[in-house]
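We just call them A, B, C and D in the order they show up, numbering each chain from 1.
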Amino acid sequence: MNYSSYEIMVVSAARLLRNDDVCFVGIGAPSAACNLAKLTNAPDITLIYESGTIGTAPDVLPLSIGDGELCSTALTTVSGVEMFNYWLQGGRITVGFLGAAQLDRFGNINTTVIGNYEKPKVRLPGGGGAPEIASHSKQVYIIMKQSPRSFVNKIDFFTSYGFGNGFNERSDKGIQTKGPQLLVTDMAIWKPDPTTKEFEVVALNPGVTREAMQESVGWPIRYSVTLDENTPPTKLELEVLRDLQERTRTAHSKTRNSGQ
Amino acid sequence: MSKFQPLSTAIKENLFSGSFVVFEGFTHLIPYAAAHETIRSGITDLTLARMTPDVIYDQMIGMGMVSKLIFSYAGNPGVGLLRRLRDAVENDWPRPLVIEEHSHAAIANSYEAGASNLPLAILRGYQGAGLKGINANIKSIECPFTGEILAAVPALRPDVAVIHAQKADSKGNVLVEGIIGVQKQAVLSARKAIVTVEEIVPELNTHPNACIIPSWAIASISIVPGGAHPSYTQGYYERDNSSYLEWDKISSDRDAFRVWMQKNVLEQGPEVFNQRVEHLRD
Amino acid sequence: MSKFQPLSTAIKENLFSGSFVVFEGFTHLIPYAAAHETIRSGITDLTLARMTPDVIYDQMIGMGMVSKLIFSYAGNPGVGLLRRLRDAVENDWPRPLVIEEHSHAAIANSYEAGASNLPLAILRGYQGAGLKGINANIKSIECPFTGEILAAVPALRPDVAVIHAQKADSKGNVLVEGIIGVQKQAVLSARKAIVTVEEIVPELNTHPNACIIPSWAIASISIVPGGAHPSYTQGYYERDNSSYLEWDKISSDRDAFRVWMQKNVLEQGPEVFNQRVEHLRD
Amino acid sequence: MNYSSYEIMVVSAARLLRNDDVCFVGIGAPSAACNLAKLTNAPDITLIYESGTIGTAPDVLPLSIGDGELCSTALTTVSGVEMFNYWLQGGRITVGFLGAAQLDRFGNINTTVIGNYEKPKVRLPGGGGAPEIASHSKQVYIIMKQSPRSFVNKIDFFTSYGFGNGFNERSDKGIQTKGPQLLVTDMAIWKPDPTTKEFEVVALNPGVTREAMQESVGWPIRYSVTLDENTPPTKLELEVLRDLQERTRTAHSKTRNSGQ
């Protein structure tokens, strides 16, 4: 079956989730991956959205972090204070998902500004929950498309800390969680080198060349000595994902014709 | 105690130029009607705070009413960036905007500290993060038991908190349910609270541990059905996603923005919200 | 995951001599059955904490199982003093008891700090109060924004928290409702949580913002109808006040205490609680 | 109508409560006074018990601070953490009620130990919520019977702070609330002198002599220059109070014949 680079990205992330994971889910690809996992390989996975909804099982993908669907399918919905204190800082999250406007090779993330903080070229939304998702989740998974604008040699602002300059800098700062352990893109799967903490490619998606990879990344890419080819999405995975997306489109198109 | 007031009275009697105001709501129950009434009131030089400044703050910033914004995530929820906020930060249009930026965890805890009448909140936050370096209101304390250095942020103590909720009972006790965000904390952190509700009911008749704000902690309540449109009110109407998508276009152009605000905000009143949600009711 | 276990297994697999354990509940939902099972298990040298140590802690202290107690109010609720605790503190009988004493506000915040994985809690507490002078775990911090000196207390991080609740669903998610005290905080502050419930239901079917503890935050659940007797379980049975009055007499004499414990605790099992509440059911 | 010294104490306290008061209520006489006020002169008064029940209107007096009746008649019931942080420390309580094992002339309270803290003669229950009720309630009202054992020249332990040694000591400590503003006993009504902060008698109950007063109090009593005689309970006040107590007795006797 044919599949898009977005589909293999979502499927690859979903496969790595487990029944006993407690995921702090962001909107977009992380949400698609987590809900796909719930519908396939990890039916008992716990999904938490930072709007306070714990144990959600939305029938369609949410448009925002706080859709009503998330609350009505949740086990319980708690206040923002409780969410960040008891559940995130409390160390209950096994996997926190993050995206980025800019990402560097050590998993440091910028979603704050392009350019100078005081006089930015582009003012981005800011960190939101991310600075503490990055430090309190037991592991961080990053899902994002590769591009030279976003996979950069040096990020403009440290919104969320990954491994800093690598090696033991993270643990030396007293951060006790593992940090970014997985980077899933539209082209490859990356994991940090155990020593240097630099992301290296552990699997290339079928048909992706090293040349194409380097064109989309702003630093010299390292490849694992055990480099693999990523397994394409199965028919079942694709069907479930496409069903989910179709249901989502249908549901959300209902509210598209208002006139304010 | 005349808790129940027309929205225009509630805004006029409680919000003033120079006030420190928070309009809270986390994607759900955004107090649009109250924000629009504030825009119509003509006040200016507001300091605003919120975890997730979204379209209403974009509108107020674009209208030049805001001198300072304290926030943690400024986005059009599910859509993208806030273009009026960008224009203010990047180009000082229509006026410069001072920003004080935090993380969600810090702002949530700042409200909690305010509600608890503490001067500060502590959290294990901002580890390795850049905000620590550029926000003078992120300091630290040393734990006297373990020696650990923790982040400290000042409590938020707004003059006024504004929220939208499902309903009030006839005595003015308010029920907030579903995604409750930091609304209770925001209300209790503020000197005064203004609440808009979908309806008044004789009794709230709910769960013993539901999120209820007692009448005596609220300054003013206004009945504004649909008052959270285009966000949603759980149990009443759905989110109007098309409006959020449209906002991305409207807000991308200064003139289009002003024309839209004139027609849809300045020349309207709170009663228009009921019509706007008619097709979105469950 | 075998969350559902007989109470004796739950206690045996999780509580050990020397453990730091909290049996929480604020007058409502006191985990009597679990405490009695703990007494039968024969473990000793426990460190206990609780806002309101009441009859169950009096019983454990009188049985000589407790080496240290962290608390804020030690009384027989609505009746008077705890006589076994008095005997331990005043006369070292049956063994000396180390006490660490706080206020309610401090202990509540210590649990919250534990649940939030912080090393300390801060509060504006103990102002002018004598406990500050005799408890080395009451320290202070200076607010870096205002210079105010605030009280600081260490987080509570027990090995095990034990609570009683109304019900669990078939997956092991637990609903606590009514007077919820600090149960959620206690459970989340602990490394492991043991819960006894009145019943298992297919679905909890409750309010979106009810106090629910997810299955994955709980180590073990046991079904013990009546397990809070002689305290009460809202919606199931009333408080058995006569038992509290009787306890005042039983506990006033060392021998009477031991005879009563032998007959009513050591020679019984969790199944006796269902009979004890029969006449108290709504 | 005849009345007991307990009844005039409860009635006197109830009279001083107002519709806009938010009371942090203790078990016993404070609970009786607050509920009497709610049934007579202050029907809209807000009663809060430290078990987390806000806006209660129990039909019978609770036996304990956490009776089910308090929850089922409450507007809402919150966690212990929220109660102490948002409602008490948050400054929302207008009147906090305290009792004492020992009380001194400056409204300082001991409920911790009789004798030495390390090796007490009597180990009392301890402070519970009281240390912060004393400092965070806008005003503190104390209701208790006079006796030489409890009205002492020097308390054995400062469980809850009143005015310390009097004068401005309280405000000098940075405590911004008013402290003990009223002491209602079975014999008299006392209020603090505005300057010295020592409790002085402002009204004697009918029939109470200065001699009897002094026998029940361990320090030389001061009387207000405007000393009054307290108004006896009215027929209505007594009837409502006795009804309430009768309802309470009946309700609670139901659960008195269990056999454990």
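Note that a residue touches a chain if its C-beta (ideal position, glycine included) is under 8 Å from a C-beta of that chain, and two chains touch if they have at least 3 such contacts.
Since the structure is predicted, the reported quantities are computational estimates derived from the model, not experimental observations.
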Task: Note the shortest touch-path length, in steps, from subunit A to subunit D.
output: 2
Task: Could you tell me the distance, in whole angstrom, between the mean C-alpha positions of subunit A and subunit B?
output: 28
Message: With centres defined as the mean C-alpha position, give me the subunit B-subunit D separation in Å.
response: 40
Query: For subunit D, which residues are shared contacts with two or more other chains?
result: 71-72, 77-78, 85, 89, 136
Junction residues of subunit B, two or more chains touched: 112, 117-118, 123-124, 148, 178, 180, 184-185, 208-211, 234
Query: Considering only which chains touch which, how would you classify the arrangement: line, ring, star, complete or other?
result: other
- request: Chain pairs that touch, all of them, please.
  value: A-B, A-C, B-C, B-D, C-D
Query: Which residues, counting only subunit C, touch subunit B once they are in their complex?
result: 117-120, 122-124, 137, 139-146, 148, 150, 152, 154, 177-178, 180, 206-211, 234
Query: Which residues of subunit D touch subunit C in their complex?
result: 27, 50-53, 62-68, 70-72, 77-81, 83-85, 88-89, 112, 117-132, 134-136, 157-161, 164, 170, 173-175, 252, 254-258, 260
Query: Can you list the residues on subunit C that touch subunit D in the complex?
result: 26-28, 51-52, 71-75, 77-78, 81-82, 85-86, 89-90, 101, 103-105, 108-109, 111-112, 123-131, 134, 148-149, 178-182, 184-185, 211, 229-230, 232, 234, 238-243, 245-246, 264, 276, 279-280
Query: In the complex of these two chains, what residues of subunit B are touching subunit D?
result: 112, 115-118, 173, 184-185, 188, 204, 208-212, 214, 216-217
- request: Please give the residue numbers of subunit D that touch subunit B in the complex, ascending.
  value: 20, 22, 46, 54-55, 71-72, 74-78, 85-86, 89-92, 136
